[in-house]
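When the chains are written out, they are named A, B, C and D in that same order, and each has its own residue count from 1.
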Amino acid sequence: MILLQLAADGLLLGAVYALFSSGLTLIWGMMNVVNFAHGDFVMLAMYIAFFSFTLLKLEPIVFVPLAAVLLFALGGLVYYALVRHVMRGPMLAQILSTFGLALFLRYTALWAFSANFVSLPSGLVGGVYDLGGLRLAASHLIAGFSALLLTLGLHLLLTRTDLGSRMLAVSEDRVAAELVGVRPDPMQALAWGLGAAATGVAGALIALFFYVSPEVGNSFLLLAFVTVCLGGFGSVPGALLAGVAIGVIESFSAYWLGPATKDAVVLALFILLLWVRPQGLFGRA
Amino acid sequence: MKALFPRAGFAAGALLLFAAPFLTANPFYQRVAALTLLAAISASAWNVIGGYAGQVSFGHSVYFGIGAYAALLAYAKLGWPPIAGLPFGIVASFALSIVVGLPSFRLRGHYFSMATIAIAALAGILVTNWDFVGGAIGVMGPARARSFADLLFRSSLPYYAIFLCVLAILLLFTRLLQKSRMGFYLRAIGSDERVAQSLGVPVRRYKLYALLISGAFTSIAGTLYAVMVGFVDPNSGFGILISVNMVVMAALGGAGTLFGPLIGAAILVPLGEATNALWGARGIAYVAYGVIIMLLARFSPGGLAELGRFIVKGWRRRAA
Amino acid sequence: MSITRRSVLLAVPALAVLRQRAEAAAPVKLGYIEPLTGNSAAAGHAIKQGIDLLVDVINKPYPQLAPLPLAATSGLPRLGGAKIEVIWADNQGSPAVGQSDALRLITQDHVVALLGAYQSNITLTSSAVAERYGIPYLTGESVASNLTERGYKWFFRTTPYAPQFAKLYFDFLANVAKMGKPTSKVAIVHENTDYGTSVAQSITKFATEHGKKIFLTISYNANSTDVSPQVLSLKSAKPDVVIFISYTSDSILYMKTFQTLGYRPPIVIGDDSGFSDPSFVTSVGNLAQGALNRSAYAIGKSGSLSYKMNALYKKKTGRDLDDSVARPMQGFMVMCDAINRAGSTKPEAIRAALAATDMPPSELITAYKGVKFNKEGQNFLAYSMMTELQGKTYVPVWPPKEAIAKLQLPFKG
Amino acid sequence: MLLEARGIVKTFGNVRAVDGADLAVEEGELVGLIGPNGAGKSTFFDCLAGNLAPEAGSIRFAGLESTRLSPDRHARLGLARTFQVPVVFAGMTVLENAMVGAFLRHESRARAAQKAAEALEFTGLAGQAEMPAAALGTAGRKRLGIARALATEPRLLLLDEALAGLTSSEIETAIGLLARIHARGITLLVVEHIMEVIHRLTRRVLVFHQGRVIAEGSPAEVTANPEVIRAYLGRRAKRGEA
């Protein structure tokens, strides 16, 4: 029973990782820019969820899309104001800019919202299901299924729609895309917006069962990088698989080897895997 | 480089570096000056592999941590003055470069960066759970100086002098390297590995050389930090922020240029201290810090060295 | 104690004179180092609010707080009514920054004494600077035992420290055992930074020295995004008592995960920190009913000093005063009182006054048995009691002398 | 025989990019390698230069078994190459770019600079020596690629579409350059699309199709070969459908 519970917890945790990483992988893959502020985008989305509920009394069904919309705008803004100017520069300039953005967002939040930990009331979206001893929180389940839906949605958008293929075209060859009449800037702004919107959905959903604080994004960020890298930059389904794999590995290694070493297990496996397969688990050669 | 630092300017700069902390009797400014040099050492060390050879490592804190732990463990376990741990740190950094660095060189671009982040994070976790080296609690240096060799000074000036010597050696070394075949090879690797290799550059070997040098000097920086601060724990030795700071400073000043990391450190360290002194109490030091970094990246993506070169060039053109 | 009393008594008739001199006297500057950004920022800001309140209490007359030293008068009477001014510094969670802070406060701001710095490792490095400069350093908050083992001349600590908590827990558990409840299987679940590790070590050490065994120790990363494996480990091991040494975020997660996985240990003890954070009570208080905590502070009976202080704090912040804020406040009071008694801002005079401190319980905000330093600079009268979360507040339940509510076991969640 | 390859196979997933290709180049020759797009020429080239390790077959260069040697070992043995996409070391000047090549046989900086300057002189880039390499146009970059390779003082130079993307007058200059390189005694293996170039430069041409050499001979012989015509036409017909 315990093993089953561990597996279930691991799967759901993995779904959260995937959820957390989907926006990151989209932006990363589309424009080869590492968004160091990604964790802080999630943090903002979590605060949006928190304040919409506590101040405006909005229900999750309203504030999740709201977070997506607001983050979409933020993503577009960040693209036009910052990323556009550094993305074709050296990799280091990109790192510098998004790192500066991360500091700015995180500590503005600290200043505006205070460092206190807050959280949405537990049971906002239903309680706990007991399936013959296997106990699952509704909020986790919702997050898990949303991760699946979001992944599927983004994947379909990128592979099956005209818009998606245009975005991919720009990401593969900006100049060539321009030659065939796709204006790159709006496309890339859109990619940033979409990535940020996915992040918004993720953050609002995670807020249903996780505490919120200005530093919260940081606790996920390293694992999000690992998830994206394992999944192959830009591959949303890859991130889902990688996230779930990491969640399950963490869950079991925490139980068997002790929780202090669970990240060590994941990181060690990650490093070894890269040494053997330098393009990531699902990445193209 | 020649255009930006003509001989006279260079001499003036060097003189200023020597004299800077003596111009003020203020101990706090002196400490900031010393910390600036310390940061410049690690950023310049990072620059060898990250700037010249273009292998953007986010895991250099691992070398910093090794150096810092070597110093304080030499004290805690053997009763030696912390500085005596320096050679141990260097040797350990060599071992790490060979065992962990070499296999990572197959990785390109972001994959390399991510692997190095993971390696440093892993090292941090291992040290946290390893009681022999103090675990999470960390290791303390001597509480009070037993002899001069403990290098515990109330004033920051002696530290400044030591750091300046190390930095001078490192920069001299980098300058020689820059002019030599190795410097060309590293820059070629940083620019395009495939082409470099086709021109006969043994890429992996040269990357390893660069990492050995870079890691060793970063470990020296760690040792010096531990000697000065007298304490290290997993977060202050292996924390990701330490790596990020090296990268940010080098990138800001100009990665792959001789004085870029020094310039970056000379801006960011005092800026960090100033924002903390002015607004730290309100907790918004980092807001200002973040905005400034963003603006710099936005308006000078190649680092300040590039901006400087640009200005000098424009100025010359007008003069001519 | 006699000195303190006298200073208060003397101050009252001399008030008129003092008021005149107060305008002339330069403020006494104290440096306070706290984590105002980073993972522990919430704690740092809460402490800052408490200290700001005390500064007001000391600088303006608050006769209603009567037995509290320096409350009735304005400023420090023996320094001509000089006002207290606190210069704050953010340690950013870094030992090196803490050191820079200390140096800056000493040499730039010319503070006469330092306080801080929350995280034990930062207290360690920043107090080393104070020691080199010969400036008194007092911590009312850091509990790692090595701080007072360095033979420092200028370092003082008012708070109880780790080994004392260990004793408290085992004394309490022995008492519970007498009530017929099993307490032999004690599990420790601790976060793995220096705080959790050092407290866990102290408890384990105390247990072994007293012939007891720790049944299970789980160390975990405080930034964990998920704690269910730990809870499952507990669920299958079935300990009688679980001692959590946790920060806020992880404490919150544990309570939520208890609920999700439907498990409740019979006795839950939280080692202050996360469990004491007001955010813990507001966000998961309803899932943590019956959680025990150590505390050197209780709101107490109406009319008591601690009660009045809580009222002021609550008015200012909207939250109840808790142990993790009250202990630093106590330390700050001791420091200000010592400076007043020294009648001077010379470091050596302040140090001597600190060393001679003898404060009776009646003058304290906390439940310490008094404040008196041994030669290591540790307040050997420091003391904590067991409290239990009942409703929205922690109430003292043990020892019986301090108890104002009945102990309710088991942990209800 | 300076370079000899036998039965080279290289696959990517299910695609057999090179499928049993053979090749032999004599010292002093100038050989052309042609074939339709996607015939596997570049992959074959990468195998010859050590950039890719073939799954089967063997390569001998200058009398040594070189199949699994790294590209830098190839360079040291005297095999230099250029790339289809003309990449320059962007942070360096034109001269410094060439010096990277020259350092292979001259450790002293002064010597390397001298050799590099010679290579630039030879390729007609001497005037741009102090320019940042990134400022060069396509033709300049291609020439710099050749200069860099020449600076390694090779016995054999592999040129991967060195003339693609050039204007007709630039092509004229380039053809002259290739002829002069050959005249210096350097063996050349040229992958080229433009038939005209092949006609004017080479006496022996290999035609590559579906991963192997399907025809060999003088340019005239090869263009008359029905199999070659089919290979090119089949390709075109298919493209027409699509």
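Quick note on the criterion: a residue touches a chain if its C-beta (ideal position, glycine included) is under 8 Å from a C-beta of that chain, and two chains touch if they have at least 3 such contacts.
This structure is a prediction, so every number in the text was calculated from the model and none was measured.
Under the contact definition, chain B and chain C share the contacting chains A. When chain centres are set by their Cα atoms, the one at the greatest distance from chain B is D. No other pair of chains shares as many C-beta contacts as A-B. Inter-chain spacing, taken between the CA centroids of chain B and chain D, is 42 Å. Chain C and chain D have CA centres that are 75 Å apart. Chain A and chain C have CA centres that are 38 Å apart.
Distance from the chain A centre to the chain B centre is 31 Å, each centre being the mean of its Cα atoms. Within chain B, the positions touching two or more other chains are listed as 125, 128-129, 282-283, 285-286.
Multi-chain contact residues of chain D (touching two or more other chains): none found.
Looking at chain C, residues 36-37, 41, 45, 192, 219, 221 sit in touch with two or more other chains.
Which chains touch which is summed up as A-B, A-C, B-C, B-D. Interface residues of chain B, counted against chain C in their complex, comprise 26-28, 31-32, 35, 125, 128-129, 135-138, 140, 143-144, 152, 154, 225, 229-233, 235-236, 273, 276-277, 280-283, 285-286. Chain B meets chain D in the complex at residues 179-181, 184-185, 187-188, 190-192, 194-203, 256. Contact residues of chain C toward chain B in the complex are 36-37, 41, 45, 87-90, 92-97, 99-101, 103-104, 107-108, 121, 124-125, 128, 131-133, 144, 146, 150-152, 192-194, 196-198, 219, 221. Listing the residues of chain B that touch chain A in their complex gives 56, 103-104, 106-111, 113-115, 117-119, 121-122, 125-126, 128-129, 240, 244, 247-248, 250-252, 255, 282-287, 289-299, 301-303. Residues of chain C that touch chain A in their complex: 36-39, 41-42, 44-45, 192, 218-221, 223-230, 232-233, 235-236, 248-249, 252-253, 256, 259-262, 277-280, 282-284, 287.
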